[in-house]
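Look at the two complexes coming up: chain A is in both, with chain B in one and chain C in the other.
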Partner chain A sequence: MMDSDEHREDRLRQMTCQLGQMLRPDGDTTLFMGDTCATVAVYGPGEVKMNKELLDKATVEVVYRSKSGLPGCAEKMIERLICNTYQTAILTQLHPRSSVSLTIQEIQNSGSFLACCINASCLALLDASVSMKFLVAAVSCIIDNDGNIVLDPNRKQEKTARSSLTFVFDNKDKKIVTINAKGDYRIEELNRCLALCKEASVAIFDFYRESMKKKLSKSMNTLKGDPES
Partner chain B sequence: MVDHVNELVLPGEILTKFNESEKTQKALLGPGLRQEDGDIIVSKPGILKFREPNVYWVDSFQKRYIPTKSDTVIGIVTAKAGDIFRVDIGGSDQATLSFLAFEGATKRNRPDVKVGDLVYAKLLVANKDMEPELVCIDSGGKNDGLGVIGREGGFMINTSINLVRKLLSAECELFKTLGKNLQFEVAVGVNGRIWVKSRSVSQTIAVVNAIEASEFMTNAQIKTMCKKLADTLAGF
Partner chain C sequence: MVDHFKIARPLEFYEKFIQQEVRPDGRELGEFRSTVCNLSCITTANGSALIKIGNTTIICGIKAELASPASEEPCKGFIIPNLELSPMCSSRFRSGPPGEQAQVASQFLADVIKNSKCVDLETLCVESGKLVWVLHCDLICLDYDGNITDASILALIAALQTTKLPKVKLNEDTDKFETFESDLVSLALLSHPVSTTFSILGDQILIVDPTSEEESLSMGTITIVALVDKICMVYKPGGNPIASEQLPTLFERAIERGKEVRSLVDKTFSSAS
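And then the complex of A and B:
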């Protein structure tokens, strides 16, 4: 697939998702952000391996699978980043000695891939109804050589960027949960990126709401259609 | 009154304006709602429900079972270990079932339970910090319908927990309507497992299909479906 995404500087690409397509996992989603796509399956709270068991909270496990090849350092980095993010977001203390496991499959990387993985994970956790303190939304942006900021960049824009940043926000206080940055940038540039991404994260939270509404619409309709309940 | 009753709520949302009971000035919070620093925060995605006068909870759609005390569940015996059986009930931990927790069982007279059997049992202990424990008797020592099931055939299916809750609610007329035309035996476990046994394999399949199809149906739709099903089985 080519990077057919339009060049937009101040907006996120179109998002679509499918929830609950798989039979075995407790929750799953396939999320498209433009052409970038990832599938996430959630299992949990389930049984945990003896050596990973924590006495006072649930273990969050993240497995990242790329399209081909063995997992290397970059893949482990993504796993660690997402794991740390969701350890804060999930109410792990509710399920001690169990595990919440996320399996992320790369489908198509057309830029802002980390953000797509994090958002897809959040949707999958919502699909599985795992208890969470708050929802998280990730937004990527780049700073190009002229100092312009591009939100949700595609692969081409990402390659020519001077630096690329990914921010993760929570929906409760709109505070930062995670930052991942690459390249060099000035403090005022960081602040500008942060402000832009924070603004854009609202659209992602709205998207979560719409997706869940669609999922629950079936049961909500039976509620309304049934005068006895 | 909270503004969000019967609407979708997502984790992290702060709810206000709860109906309090006049006597105690308190509101009761059920699953999916948490108190944090004086705020009431949603922790599960779902539909906020309210019952007079002051009870609130979130009705969420979930596949994974989380053990709760006094739930009746269908488990699969996975191991025999000394004087207990290990039973898979679909939760994060395997449950234990003492061999003395059957009707008429004594130290000498062991119940006939094998690995791979289905047991219909009640949760005696369900606690996030402890292993769940099952029993197949009530406090009077009677089995009350509990015990090993499925020795003479039958079929177990896994469904969502919401479907089970719907089937068990007083309003749902699926089994009542189905039972008019079909004879079958059914055990519904709150852990999302349903066991069905009927006269023939085709009838069992019909019942199972009816159960699975009824998840998002209203009572009127269920009645129409059951009628169609009975007609088809009779050969029309």
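And then the complex of A and C:
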């Protein structure tokens, strides 16, 4: 197993991201969380297909592409989950009769993949300057067979886990937007995971801030004609 | 007058009731509709159940088939749930290939079976690497009035409980497997997962077992699948955020509902057999 993906059990893996690599989309991100990586492209708010048009708000569309194979029911479920999450987060009422579309491409799944997809989507929406009610951050954790909680697990840890839980928090009141918790666990265990993930979500919100700061200071330098940028 | 108010301002209409801690159909916020279950109603299937929660009706039939196992898991059988939401049950569905809601619901059923470990897939093995049982669980929604998640999980688990598989033996003269339809063995269920769905109305109000009307007004749902004293799945796909302090009451309600449903199914099961 790769050593680079080993990490302390109560901390998130190293995150890095690249914004605005692609020319056509309004916003895009490639986010690494450890070795897990996803690319998200955002178009919107833009034109909407007639049958998906909503009169009072924007339609959020999510397309998830796995690395190989045809999309099945499991992929549909991921799409649905991410779509519902962002329908709440995006201020859809601002853009009636238009669409915001997210395309998520799996690059590498080394554990906590759903969390990576959700966080990458949030960064891409920030990059596209889509108005949002609040930002969201997703954190995964697992409970292993001895009852230990491991935050942001890698693939190996995920496979041997008794249960795997993903929580999505908003940055306003740290309330829970999305839960996807599978396995078998007692209520106290779930509460412990919840508290741990909530604490860790702060680091992700800080990471968003840092990434956007870097991107915006770069574009400021370009405006000034700074040769360093 | 009341009808006009309901049509023109459905959300305000509901809020008037919610303020009095009651719902338009007379239920309290944490009250389920009456649940009816009818077991082994399809005689040609290996197992079956018909479930009604209020007006929502779902029928489940299980057909067992012999097949060769996947090469990476040679001693495990398969359980393949499939929920059909036909235009018969509600005008919101169209005929043709399964829509998104049906696909997501089918995947959810598969996840519940996997996570609750209610059937040991190795008991479905006839001979390792050669022959295993495949249980095709077909669920059809006959009447859609909200909360199909709870109804379909209830129907699926009840049908699995009634499933009987014929004995299979290798005939050494012909070197072929033979089934003995007269010699049936019941499928052993290791656990009985029960789901409880809550709808989020407005900002903070949670109501249990939403009707389709309530579903269309709601701002998100939470589904909790409970085992006897544990939780095996919590699924909240987006929707209005909730505070973590609200969760314990939901878990309590889900575990309580689990007890109610288990005693209902067990009672029906013992009176039928």
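As a convention for this text, the second predicted complex is superposed on the first by the 213 of 229 C-alpha atoms of A that agree within 3 Å, B and C clash if a C-alpha of one lies under 4 Å from a C-alpha of the other, contacts with A are read in each partner's own complex, and residues count from 1 in each chain.
The rule is short, and it goes like this: a contact is a pair of C-beta atoms (placed from the backbone, for glycine too) under 8 Å apart; a residue touches a chain by one contact, two chains touch by 3 or more.
Bear in mind that the values here come from a model prediction, so they are computed numbers and not experimental data.
Contact with chain C, but none with chain B, is seen for A:Lys198 once the two complexes are overlaid on the shared chain. Looking at the shared chain after the overlay, A:Ile179 reaches chain C, while chain B stays out of its contact range.
In the superposition on chain A, contact of A:Cys83 is made with chain C only, not with chain B. Of the two partner chains placed by superposition, only chain B is touched by A:Ala128; chain C is not. Looking at the shared chain after the overlay, A:Arg65 reaches neither chain B nor chain C.
In the overlay built on the shared chain, the residue A:Ala74 is in contact with chain C alone; chain B does not reach it. Looking at the shared chain after the overlay, A:Lys159 reaches neither chain B nor chain C. Applying the stated contact rule after C-alpha superposition, one finds that A:Leu190 touches chain C and leaves chain B untouched. Touch criterion not met for A:Lys214: it reaches neither chain B nor chain C.
On chain A, the surface patch touched by chain B in one complex and by chain C in the other comprises residues 170. Those residues of chain A that touch chain C in the shared complex are 73-74, 76-77, 80-81, 83-88, 163, 165, 169-170, 173, 175-187, 190-191, 194-195, 198. Taken together, the chain B residues at the contact with chain A in this complex read 6, 8, 10-14, 32, 34, 41, 43-47, 60-64, 66, 92-94, 128-129, 162, 169, 171, 216-220. Contact residues on chain C toward chain A in their complex (touch as defined above): 100, 103-104, 106-108, 110-111, 115-117, 219-220, 222, 227, 229-244, 247-248, 251. Residues 26-27, 44-48, 91, 94-99, 126, 128-129, 131-135, 170-172, 208-209, 212-213, 215-216, 218-223, 225-226, 228-229 of chain A are the ones that touch chain B when the two sit in their complex.
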